[in-house]
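A quick write-up on the structure given underneath.
Chain naming follows the written order as A, B, C and D, and within any one chain the residues start at number 1.
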């Protein structure tokens, strides 16, 4: 188990380093003089000089990356010229909001996707299976920003039950917070739930068709116990590892969802930064997203290892 | 693997088995006609194919189908409700929504096809090399795709669009690059699975050089999986293009794009909801079509897969 | 079919038929199989893949996936009750309680996520209603019984910590946990090495003596069947072609298929000098989507008559053979063979 | 020594080790799949290689043909040391050394017609042949292995297991090789088909003067088919002899146990054999020891202290 985790960790480090290189290299895509481009709307020569100095633009690329990476490791993600704030501060401010949204959405996805997947696998070929597959197809095909708009149309404009936008920190009022997060979390969780349903269904079908499930049936095990005790724990491993890959989808989707519902999170920060040509912030957000994604995947690996007796004992 | 009788093993344990080894089944990978028959037998796949073909025709013949020029403004039709003259209504500056939907298909399908073509043409060779060569080449390619995968799809696309500047072309490039790692990984996994198969070893045993094994023995066997993944990725790419356009990072006004139409529409939800309904429905249909077709394709190409 | 050799049969299969629906049409895996099993009898069922030997026993206990599997006819009477019309709940009480199973592949037949103890305890709690403690104690005894050294220390281990042969011993412990009336061993030694196979077969023989259960031993290996069976039944293409007391089947086979199988086996004790070609059976087993109209073996049978190709012969007492030696053949094999011998002379 | 006694293939001190990865992915200890194996095969001879799963018998087959080259040791084929050949020269050599694999379901490319599959051998090694010549040659080969030539355009899934193995054999003999490794060629086949394939292999040997390395766990078939037999146990040869000598007078305890475990299809004999068999796991056999010639041509692994 420890060995397994050590190996996973050893793989995560070069991944993050390479990802940071890619993100850093994005700067090179900017047309014209990098410092001028980085300054965004500002044309103040002083600012441009500051940027040139800050990013060591007079030095060769690998050296620049070195300075930048050292800064990132020390928690310095650069300065938002536009907002006159350090990017780390901005991220620290917005990250919790996005994480809350992502966690709630994942809960929604699990709560819908996993039971539906189990049901459709156990009742394969019946109307329940057809229905679950239909729901999953709908979830996969509906763009979540459109779903968000439709929900606002229904629940805010028509019915007036839920706020169309805004965010209330849970410290202020947990109830208002949840009310504000309900629609975004559902919209975001909807697409993931479809994927979770498909993964669950496939994993369960695989396990239900296995020899050891046949052995259990030959022992006279009841259908409920068969599913809960024999099939699900073994299906859990692929569900967890494949589900973890959906964190990326979750973080991608958060950008859109936050935009629609004006949730002041990571995604909103990034999109605003893009329009303000606030490139340091864009880079900072992307690298934090990558780190979050890798971290979440690592956590899922731990969970999967804990479920797997072959690894638990090793 | 000692003389295992396949009776029990083949007929029983899972749905896959019935197609298993012993019972001769019409798995005819060699004949297109058989594939077409299996595809047609799946109603949802046919529905998907009809939607896809319909949309492609609409995009190609947009000029003949659209009742108006998609960028022509008409002050009398500003946020006009659907009527005979404007069946889908008018938008915020009085352009015909139907015309924009018809022309918008070009941006959506174009982005879907071009970005996936880019992703496949980059990912397939890289995956083949990684899977077949192994060693440090494989390691390097895999770490690179890991790194790309660590940056979520849309986030990477947004970042690329930000640094490249917003345009439909850049959005396509961004989506294509973000989708590349999927194809590298899929190809590599398929190649590795096949390389362990006895027929690849048999190919070596008769004296096939490596390039011939990769191209003649492995490639044709992974084409189906790539095709299926490509179809499903087109669906995802259409959503991605719409997302970027929705955020203002894709197709630039006044050129029509479904995502951009939704972006504007969300400001007029209470006054002109139809502005939001039609483009959203179009995206939904296009994505649904490719998803249905892709699922059907998978089932028809590999009967051992899902039912 | 009437019970053979006196005594009410423990299990009676009547005209069982099973089909699988596939894209290419229905595969008729079992086509009217009838036989009886006495208490304490060991029945060896021999056949190759597609013969229906495994499918039919799985089908009678509701263990084939449905769909695509389908029981298309017949009855299976176990102690007077028809298993095929029993509600699922009642059938569950039979499975693992009164009828135990051992499957082919010990690598995949045990749940990788449960300890060995948990898997042995399960049938004890379900069928015998033992409490956790008693069940655990019994599980330990069972591991001893199947000769796993240091049983107490291995109870809480997972299957991947056991070797293939040991796993099959665990499977057997599960199969006999509730002292079943019948133990069905479905290719139980096929995946094992020959030396391990010998141990497992000997173990089952010992357990049979101890528990007194009937055994249905399904295999493609005529050698294994020769040693452990009281009765041998040869299946082909979903039908029984021949059935009878073990010594009689081997000494006086009446089906051309049985004869062909026996003849095609080289002799382990015979030297290489003067050996000719192996006497092979020509052709290949039929496509079960379109089984041949008559005797399914007829297309491969040099002795087949026109009637064999058009009409399935019934399974009846073979002329001049031991009582209970049944064969499904329109031709008379001893007569053909003696003619052959005459001509050769 | 007569020319025909010159071995066609000569394997010396062949070992195959696999590195076991330690937890951080670096090199750790090695798994010794095959250790110090030597044998010769003469022209027209069949050497049987028997052993249980994990004994390393398939590893040897793949090492001898350089499909998975040995870690140590040499393989001399028709006087050439194969381990010294370049990849290109080895590919050319493959015209002379062929393999028939275990699973005819997996050994055929599912998307290549069986005719193309067989004809590939000519494409690779006989660039001088025209398409028509190749087609004709394939038809001849099909006929030779008992398949109808008109089946050449069909795909593997349209054939039964036995027919597929015939296709594999047709390809193996296409280039008139002198040596064929048959790696469990009948293990995946139905009982009623096995004899067909063994007979075919035997006919081809007589006709083409082939040498075989016949890898199998079917001890009955090995005695029937093989001139000499090597018994493999835990990666080493423990006994090697003329097949009659080995079966009638096995010397190594493992060989005895192996032969004693084979069920006999004669009820009275088999019952007696079973009665003597113990249900408990068998006791350990001492490992190691070099091969010692205990009778002419009969080699047995003997630990130094047991040697006479």
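What we mean here is this: a contact is a pair of C-beta atoms (placed from the backbone, for glycine too) under 8 Å apart; a residue touches a chain by one contact, two chains touch by 3 or more.
Listed by chain with UniProt protein names: A = Glutathione transport system permease protein GsiC; B = Glutathione transport system permease protein GsiD; C = Oligopeptide transport ATP-binding protein OppD; D = Oligopeptide transport ATP-binding protein OppF.
All values derive from a computational prediction rather than experimental measurement.
Enquirer: Both subunit A and subunit D are touched by which chains?
Expert: Chains in contact with subunit A as well as subunit D: B, C.
Enquirer: By Cα centroids, which chain is closest to the centre of the whole protein?
Expert: Chain B is the most central one.
Enquirer: Name whichever of C-D and A-C has more C-beta pairs touching across its two chains.
Expert: Greater number of contacting C-beta pairs: C-D.
Enquirer: Take the average of all CA coordinates in subunit A, do the same for subunit C, and state the distance between these two points in whole angstrom.
Expert: 53
Enquirer: Need the CA-centroid distance for the pair subunit C / subunit D, whole Å please.
Expert: From the centre of subunit C to the centre of subunit D is 32 Å.
Enquirer: Measuring centre to centre with CA averages, how many angstrom lie between subunit B and subunit C?
Expert: 49
Enquirer: Would you pick out the residues of subunit D that each touch at least 2 other chains?
Expert: 53, 160-161, 190, 217
Enquirer: Quick check: what residues of subunit C touch more than one other chain, meaning two or more?
Expert: 48-49, 63, 65, 103, 105, 193, 220
Enquirer: For subunit A, jot down the residues that touch at least 2 other chains.
Expert: Residues 125, 209-211, 214 of subunit A each touch two or more of the other chains.
Enquirer: Over in the complex, which subunit A residues touch subunit B? Could you list them?
Expert: The touching residues are 11, 14-19, 21-23, 26-27, 29-31, 124-125, 137-138, 140-143, 145-146, 149-150, 152-153, 157, 202, 205-206, 208-211, 214, 247-253, 255-256, 259-260, 270-271, 273-275, 277, 279, 282-283, 285-286, 289-290, 293-294.
Enquirer: Note which residues of subunit D are touching subunit B in the complex, please.
Expert: Going by the criterion above, the answer is residues 53, 62, 65, 67, 88, 91-95, 98-99, 101-103, 105-113, 120-121, 124-125, 155, 157-158, 160-161, 168, 171, 184, 186-188, 190, 217-218.
Enquirer: Which residues of subunit B touch subunit A once you look at their complex with the stated criterion?
Expert: It comes out as residues 12-17, 143-144, 146-156, 158-165, 235, 239, 242-243, 246-249, 259, 262, 265-266, 269-270, 273, 276, 279-280, 283-284, 287-288, 291-292, 295, 306-307.
Enquirer: Under the definition above, what is the set of subunit B residues touching subunit D in their complex?
Expert: Contact set of subunit B toward subunit D: 1-6, 21, 24-25, 27-30, 197-199, 201-209, 212, 216-217, 220-221.
Enquirer: Write out the stretch or stretches of subunit A touching subunit C in their complex.
Expert: Result: residues 125, 209-222, 229-230, 233-234, 307-310, 313 of subunit A touch subunit C.
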